[in-house]
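Going by the order they are written in, the chains are A, B, C and D; count residues from 1 in each one.
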């Protein structure tokens, strides 16, 4: 059960509420986000929620039987919109593209990519400065210095930055230079990292685990929300299956299911979702047709020379063509 | 290596060809289909194929390194078109819808469905008269009598029939009443059934196995082709994964991959591909955007009362709306 | 609900029973096997089974809520023993080894293998004469002539034969030369084949599907049993997972689960279960420790030269050592 | 390529070595562990390793083509033994049991469990004080205070402690109270945590990811080793598959494969590996027969009342019986 509190609820009103709940053996979790205050009450006893809903100081109350609560559409019917500033919004009705290299490599690469995005009116640039790599002997990214350099160039151009954070200690130093924190598939159940990102007033893009269920993804989002941050988007990036003809199995079914279950925006990553450069485009368009609110994809000035994952990265020419097709597909979908 | 023979190759020319191949220890498989004659030669020795290609009686020759040969696009660049008669074609550029109930249930149901398809200009009706069921105590379909009744009604209305064949013995009796034989997911590696369908001059729709790889699907098609039947279409119908939020995981990646690897038409089954009635539509549209040449889907006058699988079956109203959206999406894709 | 009938139930007693069941809207399936007669009654209405259990002509009655009925241990508590004649039994307490090549290749190979089994007191020889192959251009086995030759040699030596049947039409001609019919993983839901094997009075070894669930395996066995054949054994042979470090993922968990759910013998196939020759032995011993009633495995005089699957086939020397270890492990388990 | 340095290698000798390697464009990674110094040199150029192996200051040199290097058995043939003190060793030939509750709950629970282990001569107690939970509203463990209390009781009794660490910041405070750090399945690719545990001179048990490959597990271990900690053991705890008849699919194949590929000890977790209390025992014994060096399992004084996961936890009576059987099975295996 979720109880949204009025902004000016008094101490005595709050006490009255909690004593009613503890009387019937409900556990109380107080949640304060950048936007509102909530009580998540978990218990087994059946009762008439109107007896609590009519108390003073309470704005709204709903039963939510899902394991996730605040991210559920059963609680909040209206879809979440995330405002990144400068007219950049993410959420139902506002299709957004996030594009850029797997890894931030050099000043020249940053400049070329920023220009490419500007030329094509793409407002959000992706790129990694901390890279999760299977082998300890692989390149792990340029780190905080690369991020600072990137931020300087991108913010001057009005381009927003999304990049992966891998550990709690990185959050504070990355904070001034990041517009969206990305949580990677390998950290999708790194609960301490999720907790910490709940304490940050920056949007978070949460990738589904390598073999994560839809339910686990929503519960991971609940970690962030219940720690105070409502600005979350979910990302389908392919799951691990028995099929090895491509890198990952993009779970197209997850898109309508997520749009039904949660009010959070749903982003699709076709680059990791298939992992085969020449098939990224049809998979991206399929994702939009299935209901995606945005696409995150890899583009590089010379994919063959990219530091990693070049086999799923589009050239600037290919990505320009796909940007156009994706926007047309989104418009077509909205008018169908 | 595939060698397509000229129609009027002489016995001595053929002998010359085969003796050249056996000289270098190649195994020879002669394939005669309803359209042409081929030799599939398999061996290890490297040699200049022009030494054979210039022999008399040979129309074309190609190396194909894939495990499948005749269904490979490396062999035949031009996509296969299947002509069902009465102006109904399946293949690249001709989008086709196949719709109807899971099981054929009654005369009344057939009449209502035929009328629904006529009203919406759908030319192919799906339905099961032999049903593969997990439990031996479940309804297994109306059998050959149901098929005859169905055929009478459908052919009068100019509607084509696609239905599943489960065993070799059924082929002959079903033959006069079927326009497309369907091989179900559970029989996708029933090699004797595939062999037998290779001997039939009727189109075959081959479903991917429940956890079949793309390569296994193409090799299963090779069974049919190499036994003499070139009129094959492939169907992605969802694979088995760890995710249980829906029935099967529609493998959207398989669609561009199959369109790349084979010249055969690719059909998508969104009903089994997600198995959740209210999400069939977005998944169908995604499948088209990814490159599908057709959609096979379940529709029933009263899905709640369908003999089986009602939870993935659309009502006539829902399917009417989806027919329109699918055609619009196909046109949009072709013009993008 | 399962009702076992007395052997001498009269027509009027049977009528009385069925009218009672149809009165409460139960569907009736009469099952006659080589050993007994049953009625499987399926319905929704709750009632006191003693009102039926006390009728004349009824030997036993039980509710079974599982989707499978006659193969359930909830119905039959005592484990099934299969008597192959000549003192060879399969089932709880009688550990059996089935060994031999993937494919029957030649008279010499048969003779060598029979001698190897005789030398090591193994009573059952495996081998394929009809081979399911992914590619139509691969060797598909010696067929019925190979089987006849094999049977002659094996029966002279007192060795029993287990071999795969792939289609209904093969059953009759194979019948005189087979001691156990094997249903392969690709045919585990070939329901017509299962039906037909229900009409045969020969034991059947049923392999789990390539990605078959435990429940599907038990329902497949129910097909055979409910068509009249009680002599069934189940075989765990590895499932398809995302891991590609080996061929299949032997599902060790399935063994205690199957032994709990069914009274049928459970056999483990470590050769396909891991598919890596040098690791077949530890996996076989693990399978026994988990509760297997027998092992089916590949052995060949020269594995490197085997027609197929040589990479999972033991040499005679390796298999001799494993035979010893498996029997010791079985004895150890029984005394632990 | 791995080059083990002599303890007293001089600066000039080291310079000579590295200049030789950089001359041929090899990347150099210097690794210093609690036991030795190594250089991991990665490059593409072929050369005769004896030209380097004969330099002064070099103890050993080997090519290792695997993605993992220092944990490979191609490098170190002799299996790693981990000495926990007080006569407790882990590694080939020393079978160890680690048992205890899912979560540390109370002083009384600790005392009862310690006594149970003492009574049965089990030397290592497992238990969680930081619990990874899918939902943020679930109990997350007693934290550092629980650990201190537990350590006091356990160390007095001579019982070693293994417990999960979830984030880098926890390591330092947990350090004095832990004998083995456990990395959970959800953190198996939390590379920063792995790096940090490489800097600690305490043994680490590394669980395989929920759908981690064997190769990923070995590369995760390489992270720890290459950061300075050689005392690592690997744990097979079941993978995520399509089968839902139990909680996870214990990958029995992984055990002989890991024993072949690495010199590190291999531990099996049958509790999570099947997740069904009444089947933990056969799966544990199978794991030993397949080659496990130890078992980690859940036991609780009253499983029905355990804070979490009670459905896979044995009672003290059940675990006493299993301790005996596991030791007998280990002895049997060693003598077979």
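Just so it is clear, contacts are C-beta pairs under 8 Å (C-beta built on N, C-alpha and C of every residue); 3 or more make two chains touch, one makes a residue touch a chain.
On a predicted model such as this, the values are computed, not experimentally measured, just so you know.
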item: Per Cα centroids, the chain farthest from chain B; value: D
item: Selected interface, A-D versus B-D, where C-beta contact pairs are more numerous; value: A-D
item: Euclidean distance of C-alpha centroids - chain A vs chain D, Å; value: 33
item: Chain B and chain D, separation of their C-alpha mean positions in angstrom; value: 50
item: Centre-to-centre distance between chain B and chain A (centres being mean Cα positions), rounded to whole Å; value: 39
item: Junction residues of chain A, two or more chains touched; value: 211, 215, 240-242, 244
item: Complex interface listing, chain B residues touching chain D; value: 211, 240-242, 244
item: Chain C-touching residues of chain D, taken from the complex the two chains share; value: 211, 213-215, 239, 241-246, 249-257, 260, 273-274, 276, 278-279, 282-283, 285-291, 325, 328-329, 332-333, 336
item: Chain D residues touching chain A - in the complex, by the definition given at the top; value: 27, 29, 40, 42, 67-69, 132-137, 166-169, 186-187, 189-193, 195, 209-211, 215-216, 219, 222-223, 226-227, 240
